[in-house]
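Listed next: structures, encoded as structure tokens.
Both of the next two complexes hold chain A, though its partner changes from chain B to chain C.
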Partner chain A sequence: MFLKDYIGTVYKSSKSLLKGMKLTGYYFSHPKKILTEEYPDNRATLKMADRFRGEVVMPHDENNEHRCTGCQACEIACPNGTIKIITKQELQPDGKKKKAIDTFVYHLELCTMCNLCVVACPSDAIAMAQTFEHSVYDKKQLKKTLNKPGSKIMEGVE
Partner chain B sequence: MSLLGAPEVTEDGEFIINIGPQHPSTHGVLHLKVWLDGEMIKKVQPHLGYIHRSIEKMSESLSYRNFIFATSRMDYLSAHINNEACALTVEKGLQIEAPPRAQVIRIIMAELTRLSSHQLWWGCTGLDLGAVSPFFFAFREREAIMEIMEETCGARLTQNYMVPGGVMYDIHPNFQNRVKTVLKQIKENFKEYDQLLTGNVIFEGRTKGVGYLSPEDAISYGCTGPTARGSGVSCDIRKWFPYDGYEKVQFEEILGTGGDCYSRYMVRMAEMKQSVYIIEQLIDNIPEGDFQAKTKNVIKLPKGEFYQRVETARGELGVYIVSDGAASPYRIKYRSPNFSNLSALEHMATGAKIGDLVAIMATIDLVIPDVDR
Partner chain C sequence: MSLILDIGFAPFASGVHNWVYGMFGNTTIAMIVEMVIAGLSLLVFLVPLCFFLGYMERKVAAFMQMRLGPNRVGPHGSLQIVADTVKLLLKEGLTPDGSDKFLFNLAPIIVVITSMLVLAPIAFAKNFQIWDMSIGVLYVSSISSISVIGILMAGWSSYNKYSLLGAMRSGAQIVSYELSIGLSLISIVILTGSLRMSDIVMSQQNGWWLFKGHIPVIISFVIFIVASTAEINRAPFDLAEAEQELTAGFHTEYSGMKFAMFLLAEYINLFVVSAIAATLFLGGWMPFHIGSWEAFNHIMDFVPSSLWFMGKTFLIIFIIMWFRWTFPRLRVDQLLNLEWKYLLPISMVNILLVTVMAIMGWHF
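Right, the complex of A and B next:
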């Protein structure tokens, strides 16, 4: 009786092991079913999703104009203090002074890509870019100025 | 460890050894101090705090819109459900409800999160118990779910998709088709899961009868989620205190009977199938309408205390907000599932062998950042 039980257990155990081995063997002999993404070799064809959040950018049009009014809604919305907006008073043609951005400082090293700044922006001045390879050797390079030199605000954006 | 590297020995001749990575940049930073008599565990003492980031304190200086993002970093495998809990608490304070469309999206997202979390757990359990292949099989489907998240939410793990009043933006046009394709694939692959690990003799030998937790102990240690349900304690918040329209969907609360590691394993395996079942009911019936209720720019909760509980992949998460009427919370407390589940570890592991400790840890399914917060 003992021997019969023993052999039964050995049979059952080997069967369960072989069952699992069969599956791994199947995938071993079917290399086309393997779904490995060959990054970074596929860089040329790799396309991130449209909504993928890689970093905050400020889109400029062909006349080097942006839509940022310097209202600082994004600065308030950011949980980490990633955004610092330095504003200046700009003289308008009609003699009135108007608030405009001097530098839009963005600390990529502090950013958690939560998208709250983009949602908070009333004039769609900032957006999320799909770039994701951000590693640099010096932390200072991650402090970015988003408005391009010489750029000014687009006509009609209040 | 003493300075010379030899293990400490107590007066009774018990060895004291330290288990676990302790560097903050490694993952799962839990330090276990184990008292051993030969191979038998006499006592286990978890040492916490290696990855404490004071999320609760930090939230006190953030507004009601901003504090939600930090909860993705608590239990990062059910980030969506953590965000949902916070959003629901704020909604409770504002006395608003998310529109039907947002509620359905939330449930689908939460169940997808639960699926991906359980899949990672399944892979890691195999890995902990000496089987490497399950990890790759689990990541195959998990990757597909992550891609859905990436497409609709914009991020793979720390989505921050739930906002007070609904969801951040509408679902991606591809969302429904992709979810259906993935679900079909996952349902086929459940068979492979069972073939690979469930019936395996080594796996069963290492989990059956190991780490017994009686229903009474599960309750008194405050265990929730699959850890408690493996002992037969009915504690599914989705059933007992439905939120976000869970009362409208049909699903079963899975209860185990054994109370051992194998029972907890089977509960999670069955829960995955229930999650698929829930999503299947909803994916074709997403109601039209707004995806976000209108809220003020600066949210201010009325004076008072608000509490909301949700069922994450690991158990009950409670969010408790005390408001003094200002734009940021006066005090926030998270009742995290992992902290309570970890407290039962000593009870389960005492008297077991050191190899069983790994099996017990694997089936509690701990996420350490949630323990420390």
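Right, the complex of A and C next:
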């Protein structure tokens, strides 16, 4: 009985070791399966994963219009004070005043790419971009204004 | 090309021998000069070999892990090892305060010297051997056990608990695994009836022992490969350096060229172990012969003997590298279990089988 267990152990362990060697041998003999991205060389053809989040951007259409109403939901949702929205009162054609954004300040150096601001936004004004080459020599350059100069809110976005 | 390689080595060696003895007469000086020439040619052979092994290991590792490996320095990263060597040469060889300075500086030298001494009885090609002594196998197994002294010395003199732990582990490991190595070497000695390396190679003229000796020799071949992987402290038996637990084990405190010497010794050991396995089980420089197939054997003889030797050696080196990049490291208790509960009993029973087989003449 003991001998049977003993030989069984030897057989099972050799089998599992050979199984492992078979897998690594398969990888070794199939160099096309290599996963390494040669990053700076393949910058032109680089494909990022869909879920990758690089920075917060505010999409503008061709008329330089964005969808941000200045509701500050993203500013409240942000866990570490990355977003600061400065609002202003804008005069409507009918004489009424309406709240609009003056500057959408985004501190990239504080952002953890948690995506909570994008989730919180009621009007899909902001989105996550896949750019990731953010390094700069001066920290001040990481403080970004997301709304383009002279842009205004899109018609019909409340 | 084939002709140069095949007839080149042996006449060259005897030519050098005759020239030296003609210059100095049959004196001690002639012998010393010949030894120096042999040692220097060994160094000239070993250093590029270690460069190549380092490169090969990194490429094999990378491919087995679906990576590319070094590919920036030189074509396909082939000069990476040269760059690393230059870096190690320029680095300061630090000796820590509180260490035993003499032993600390002596240890890497002992490790390198012992690993190079084992190369003496290995036949690199037909009639091309540094010293064809009558106790070749015994010499190999006794010299290779000295290297543990160097490792213990390094660990003890470093004045560092990681180094000491690594060295002690290495001691326990080498002392146990030597038994299995010895027993698996003995199985071939039983079949050959000689400890001389050239006799062992010549006995495989009509087929390698791995094929002639059926199952018992295959078992002892596997045991030899496993135990010698442990003996040279390579993963999955690299408890002596165990990066994750002991930073670098016995060579934690070494830097610069002293560290490079440990690295050199590791690769020389890898080569030596594979060369011995190739000589004993795969016929050394002997071409692949099948019994009495004259035509086939004749065709095989056209491939130079040195190429046969290097090919077999590199096959085994590749297998050992394959082990390293597949298996996880053993724990200390698992390591000792494997030796004392599995390898040693199996190899003892195996010796019995080989002896019976040799007496009854059941091998080809």
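Criterion: the second predicted complex is superposed on the first by the 123 of 158 C-alpha atoms of A that agree within 3 Å, B and C clash if a C-alpha of one lies under 4 Å from a C-alpha of the other, contacts with A are read in each partner's own complex, and residues count from 1 in each chain.
Note that a contact is a pair of C-beta atoms (placed from the backbone, for glycine too) under 8 Å apart; a residue touches a chain by one contact, two chains touch by 3 or more.
The model shown is predicted, which means the values in this text are computed figures rather than measured ones.
Using the contact criterion defined above for the overlaid structures, shared-chain residue A:Met1 touches neither chain B nor chain C, since it reaches no partner.
By the document's definition of touching, of the two partners only chain B reaches A:Val119; chain C does not. In the superposed pair of complexes, A:Glu38 makes contact with chain C only, with no contact to chain B. By the document's definition of touching, of the two partners only chain C reaches A:Phe28; chain B does not. Legend: residue contacts after superposition of the two complexes on their common chain; A:Leu91 is shown touching neither chain B nor chain C. In the superposition on chain A, A:Gly20 makes contact with both chain B and chain C.
Residues common to the contacts of chain A with chain B and with chain C across the two structures: 17, 20, 23-24, 35. Chain contact summary for the complex, chain A toward chain B: residues 12-13, 16-17, 19-20, 22-24, 35, 48-53, 77-79, 112-116, 119, 128. Across the complex, chain A meets chain C through its residues 10, 17, 20-21, 23-25, 27-28, 31, 33-36, 38.
Note for the complex: chain B touches chain A at residues 62, 65-67, 69-70, 133, 140, 143, 147, 150-155, 158, 160, 163, 168-169, 172, 192, 195-197, 199-202. Within the complex formed with chain A, the residues of chain C that make contact are 60, 63-68, 71, 322-323, 325-327, 342, 346.
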